[in-house]
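Each structure below is given as structure tokens.
First chain A sits with chain B, and in the next complex the same chain sits with chain C.
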Partner chain A sequence: MITSLPPFLIFFAGALVVAFAPNRLRPTLTLLVPLFGGWNLWYVAAGSDLTVALFDYRLELVRSDKLSLLFGILFHLATFLISIYAVHIRDRLQQVSSLVYAGGALGAVFAGDLITLFVAWELMAVSSVFLIWARRTPRASSAGLRYLAIQISSGLLLLAGALLHISETGSLAFGPLGVGSLAGVLIFTAFGIKCAFPLVHSWLTDAYPEATPSGMVFLSAFTTKVAVYGLARSFAGTEALIYIGTAMAMFPIFYAVIENDLRRVLAFSLINQVGFMVVGIGIGSELALNGAVSHAFNDVLFKGLLLMAMGAVLHQTGKINGSELGGLYKTMPITTGFCIVGAASISAFPLFSGFVSKSMVMAAAAQEGYWIVWLLLLFASAGVFHHAGIKIPYFAFFAHDSGIRTREPPANMLIAMGLGAALCILIGVYPSLLYGILPWEVHYIPYTADHVLTQLQLLFFSALAFAWLNLAGLYPPELPSVNLDADWLYRRLGLRGARLAERALAKAEQTGARLTEVSSYNFRRVAMQHCGPASVLARTWSTGFAALWIIILLGICLILYYL
Partner chain B sequence: MKEKAWIEKRRNVVLMVRIFLAVSIALLLLDLVIHRHELFSWETWFGFYGFYGFVACVGLVLAAKVLRKLIMRREDYYDH
Partner chain C sequence: MSAGALPILQVVLPLIAAPLCVLLRRSGLAWAFTTLITWCLLAISILLLIRVMAGGVISYRLGGWAPPFGIEYRLDAVNCFVLLIICVIAAVVAPYMRQSVAREIPAPRHNIFYAVYLLALTGLLGITATGDAFNIYVFMEISSLASYVLIALGPSRQARTAAFQYLIVGTIGATFLLIGIGLLYTMTGTLNLADLSLRIREVSDMRPIYAALAFITIGVLVKLALFPVHIWLPNAYTQAPSAISAFLAASATKVGAYLLLRFIFTLFGVEFSFEQMPLMEILMPLSLIAILVGSIVAIFQNNLKRLFAYSSIGQIGYLALGISFGSTSGLTGAIVHTFNHAMMKGGIFLALGCLVFRAGSVDLSTLHGLGRRMPFTMAALIMGGLGLIGVPLTSGFVSKWYLVQAAIEADLWPVAVLILFGSLLALIYVGRIIEVAFFRPPPADLQAMREAPLQMLIPTWILIASSVYFGIHTDITVSVSERAAEVLLGTPS
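Presenting the complex of A and B:
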């Protein structure tokens, strides 16, 4: 007897209904989907795993344990908030694809076997790209194509790894895998691409900022978090993740400081925050894993909030470059306030959500004796505050007055941001709300006098550095520019290579054509010479001349006869 | 010329930074009062976190300026 529906099914059914619903009803229906899904989740939590048979294998479509439920709750919450944010949108494409995308993410986190995971994985890739294309600009369309190519490759690696794993072990289970076998390495790489590991990260910073305002909030909530879930499920305690995660936390902050597009700054900051989660998964202790998944939970909320604020700026002004913005606090004071709450949360200010989750990863790194990693993460924490905590609100809403006079965004956008901000503060003030739904028991206490003090010292002196650099004129100005990154490899080097190859091919073709032409010309010329209208054979002879020839021929015959 | 907003006047900005500096120093001095149960020896050094945060951010920005020299290109770099 089925007591609950598979969570993804509700979203797919919802997407189908929304696809055929009239314009007026679509926003309401979109909101109802996560609400109904949340109600259903209550029954999923009561424990009702769903398996179906496929040939000789049993697919576990729904596996509910504390880890999958945490992400299930998170994804329902995120869909609900972002759907409020997107209520004013009258774009069937975005509304349908965002529901399919969220459903895919739910399918992935509740998947109990690798085949179900693969299907959900590819569904996410294919549906999410429409959130980029929905911007309907040439840049978005080419960025979306690059994004799709990389996402699909990640899915293919996952499929290859899964099939290899199944043939080796005979087990479909999506459980702990490790990187000891080729299958494990393939799946690890597939997760790594979606998680934006260094060097395979540029799909994220390339494509996300080209998405629509609400599209980018959706994108930031699901893809990387599903990858984090996958790593936590299958590769917890893999030491390589500690160093990969540290690199992820470190390198984007340098890019974020000099990036002009403020949503791209947040894309870099997304990689940086995922880096903390990856380190936690690599350490693999209960404290570290709790830290990783709770930070994923908080990141969806505060990064979502910051992206909503920047999306509101983009929606209202049509601009998102730091060099073109500034002084918006005068006309968008409420948005400014929400943005500052998001900034305080991502910077891990005491009483805001980041404080209660990131510190678990830091504490776990210290406990396990990774002191270099710990120092680098502390550096990254100061860096986060610098680029996401200060730079984002400062260049958008303060800095020099750009002269732009606009209005607050539509009420639904403000409500969504308000709810997001309230959750950030609520979790920061009552961390037990979040700790209660974590997969492992929490013994960690975030609010100790020395933790609060040291964190405040770190943040205040980082801010002081910003103020000093700014007043002294040392701070790099926002400049309209493109910064080279790993995507240079395929957008420039690869393109150049392809163009060179294309040119070489065209040249070879041309040479071949010319050769054929020359030889066929020669052939025709010779043929014309001998068989053409003016050739020896086609020449017309006078009768006398012909008679002479005949006499000569007959003469020759006579001579031959007598010989 | 329109009157500048309060927050835009340099005098007020300097005032705010000074208040901020005072708060920061107060936080630094609290180091002497509050007991630490630290995991690494350097955590007990006076003002370690403040110093680290300040140096990290200045280093970050200066490094980013150098990085800009290496990787910054025109906005339409990829467009053709």
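Presenting the complex of A and C:
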């Protein structure tokens, strides 16, 4: 009788083995971990519930239902693909921390109680930061510290919320919570930080692009998806999420368009895609939730593919700024092809994976009567096509020839990208493969004439606009993105409004950044003044002064006691 | 079940061994003898704890005189646990000492050093084991005088100043304790703790008892080094020989915490201290300030020994905070943290000793890239640091868990937030070390640097590993602590 192992245990054990394995064996071992894990997942799926006792509570380490299994499969798949992508890397730190990180993510999605979730949550935070630090640049090291501080804060909020929830209800269960109580709000905020809600998103765009090429692919696959899972588990149908999600889908577009670092463009695009998922969770109908989680599944694949392609460019040329690249299709044709598949998927072209999931969220929004949200999401979709679907491949591989002559990346990178691209197309062509493992039954049919035509119209007119602007020489990257699709959807919104919005957003962000800077500067100054090495608190007091304090304390005690 | 002579052996064995140690003139012999004695003591303390957990309180009459007239050694779950902590630390530090002491202290003084170490141990064990108030004072003087000498043996000249300051401040504290005990004796006519705790109820509304409480708490707080009477601690820990820093950080302050528990709960009783007297209102603000100030000052320190000394002040704040709740979960948290902090801080200071041994300094600037040259030492330091932050799966998490729970039970939200905020501060000072040791390029002359010798690494890792082990397997520590908390609150289950 074979019983299953907890999925995360395999990854932690793998990390331990890899940590002490010799250089040559490490890539193979890293690959074996998700394979063995996937085999084990088969038995987990057959039903596995593992509980252990901690303090007075019973912790449910493994809870397997359709929702957790979907994310379990996704994380195994992602680890496998990215590990192939990273085969050529000779860096113990990255290999070990990525396995621990993936294990933490699995621990979080299989957690049946809030304490296990918290432990996994913190483990992810601590292990993932090494993927940023592994870049070993001063920028990466300070960005990593900022990232870690925010991730740990999220964990602390989760812990505070969990403890409050336990003391209020006596139940540890990681199930539907709602935002009706303070505990719910705290946990919601903790998830929100990890999910990069607007105004608390900056850790993502700040730190991810500083990670190593494969590190960023790892980071984009796990942290936000675990947060999406948490929201789907505990806060499905919370209306606020619809508006938060819409904002998330909208605002990054403006930044993505003016951003030069192509990996940072993808970081903004990550927030934008997560926005679609958050909307789906907020709507809360079966169709919407299915859409949200399937979009999470697809996003890991196509966003991973795009990041891998950009990582390959960075790896081969050492450059990642759009202005410094261009014309690479001549020397990296295969990578170009894969990148275009990823771009088509993220833009939700019919027959590519993004189409079959994003349209579910859109359809659910329409079904439940959120027409304004639907319109805004449509705008966001056009924006996605512009900044991720066109901008990424265009500036990296086409545009003006930068004169860089390089070669295709190592074979393992190509294989990983090839597998990713194949999956994107496979899911796009046979959506039933994905629909079969969704938590709720799917009655949705993506390929109706209506859906396909609407989407194609949107895409082709956007492309037309891009081409025209480009030919007319009107497309320096500084122009606001709405230029592209203002043609047929947003005439009324107008260029001016968009520009104003963009300016206001930029201003708000600037003010925010300035405020944080000033307050952190002031905090440091005050702390330094009172607690720095030369301050009164850190100096060695004279013995007489120390004795004086003892007397004062005694005096206070006596007075208080005698009163 | 009879414990025979075990309780008295626990205290007298090192007392007799100390002069013998002076007679063994050779450094190696003295060291081997000391190590042997500490291991015997550890065995005794384990036996005692097993018996107490199985059969309740053990009472030993000194010289056959019946209490309350004679001196009584009275062992329950609380002090047996503290005895175990002290003995574990002493037994782990002893093997470590040979090389560390050889590097830091001139050879002719070695036998004296080991003898004084045994005396300090006698004092700490005696304070913990005895059931007699005056006896506590006597043993406190023994341990304090021995600690002054041990600190003064530190390698730099500042060690003498630090020891002198500790001497003055410590003596004031001990005198306060004596005054308090004297007041109690005048009012009740007895010195036996168990007897005192009964008789004190009859006179508990008399002013001299209030004064006694004030004098005793302040006296103990000085030993415990709670803010603002912590001044002696950073210098003493920084200047003492490395092994002694580890020993004192891990055991001396723990005995201070024990005394506070014993006096507040067993002797004065929880109703008197917390309901009649505003002890909570005094202890809680002080401990919260200690947590914040200790941690923030630690962030700005460049000398690692000093950094972790300030971190100790913060951690002592957590201890006192747990006590100040006066509830079962608060006490459990405080007692668990006593044990866990002993393991973590002991391990950290031993790792710092390894750094002194190889790098000759514990300044942050000499640590650049040292993570690659001394991976095991630095890893130990970081693991200990993670425990101080309270990362899950380290024992620090268990303590914080109970403290936060106690704060929530007491409906003190801001306190729970501050406890968690303290973790964030610890993250910063530990993060600084990680950054320097692992992410700065090592200077060229670092090539020659090697990992510390095994005889020092193994003790370091025993403490660090146990801090992780007890973070995962919480049954042992938590059940003993809960039992101890129940004994103190007088609510045996």
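What we mean here is this: the second predicted complex is superposed on the first by the 474 of 563 C-alpha atoms of A that agree within 3 Å, B and C clash if a C-alpha of one lies under 4 Å from a C-alpha of the other, contacts with A are read in each partner's own complex, and residues count from 1 in each chain.
The rule is simple: a contact is a pair of C-beta atoms (placed from the backbone, for glycine too) under 8 Å apart; a residue touches a chain by one contact, two chains touch by 3 or more.
Every value quoted in this text rests on a predicted model; they were computed, and no experiment measured them.
Participant: Regarding the shared-chain residue A:V126, is it in contact with chain B (first), chain C (second), both, or neither?
Facilitator: The second partner, chain C, only.
Participant: Given the touch rule stated above, what does A:L458 touch, chain B (first), chain C (second), both, or neither?
Facilitator: In the superposed model, A:L458 contacts chain B only, not chain C.
Participant: Where does A:F398 make contact in the superposed view: on chain B (first), on chain C (second), on both, or on neither?
Facilitator: first
Participant: Could you look at A:V429 and tell me whether it touches chain B, chain C, both or neither (first, second, both, neither)?
Facilitator: So A:V429 meets neither chain B nor chain C here.
Participant: Quick one: classify A:L554 as touching chain B (first), chain C (second), both or neither.
Facilitator: A:L554 sits against chain C, while chain B stays out of touch.
Participant: Please work out whether A:S167 is in contact with chain B alone, chain C alone, both, or neither, and reply first, second, both or neither.
Facilitator: It touches chain C, and chain B stays clear.
Participant: Identify the partner contact of A:L469: answer first if only chain B is touched, second if only chain C is, both if each is, neither if none is.
Facilitator: first
Participant: Need the overlap of the two footprints on chain A, from chain B and from chain C, as residue ranges.
Facilitator: Touching chain B and chain C on chain A: no residues.
Participant: Using the touch definition from the top, list the residues of chain A that touch chain C in their complex.
Facilitator: Where chain A meets chain C, its residues are 54-55, 118-119, 122-123, 126, 133, 136, 141, 145, 148-149, 152-153, 156, 159-160, 163-164, 167, 527-528, 530-533, 535, 537-538, 540-541, 543, 545-547, 549-550, 553-554, 556-558, 560-562.
Participant: Chain B touches which residues of chain A in the complex?
Facilitator: Going through chain A, the ones touching chain B are 253-255, 257-258, 330, 363, 366-367, 371, 374, 378-379, 382-383, 386, 398, 401, 449-450, 453-469, 471, 474-476, 479-485, 491-492.
Participant: Which residues of chain C touch chain A in their complex?
Facilitator: 164-165, 168-169, 172-173, 176, 207, 210-211, 213-215, 217-218, 221-222, 228-229, 231-232, 234-235, 277-278, 281-282, 293, 296-297, 299-302, 310, 386, 391-393, 401, 404-405, 408-409, 416-417, 420, 423-424, 427, 431, 435, 438-439, 474, 478
Participant: Of all residues in chain B, which touch chain A in the complex?
Facilitator: 5, 7-8, 13-14, 17, 20-21, 23-24, 27-28, 30-31, 34-40, 43, 47, 49-54, 56-58, 60-65, 67-68, 70-78
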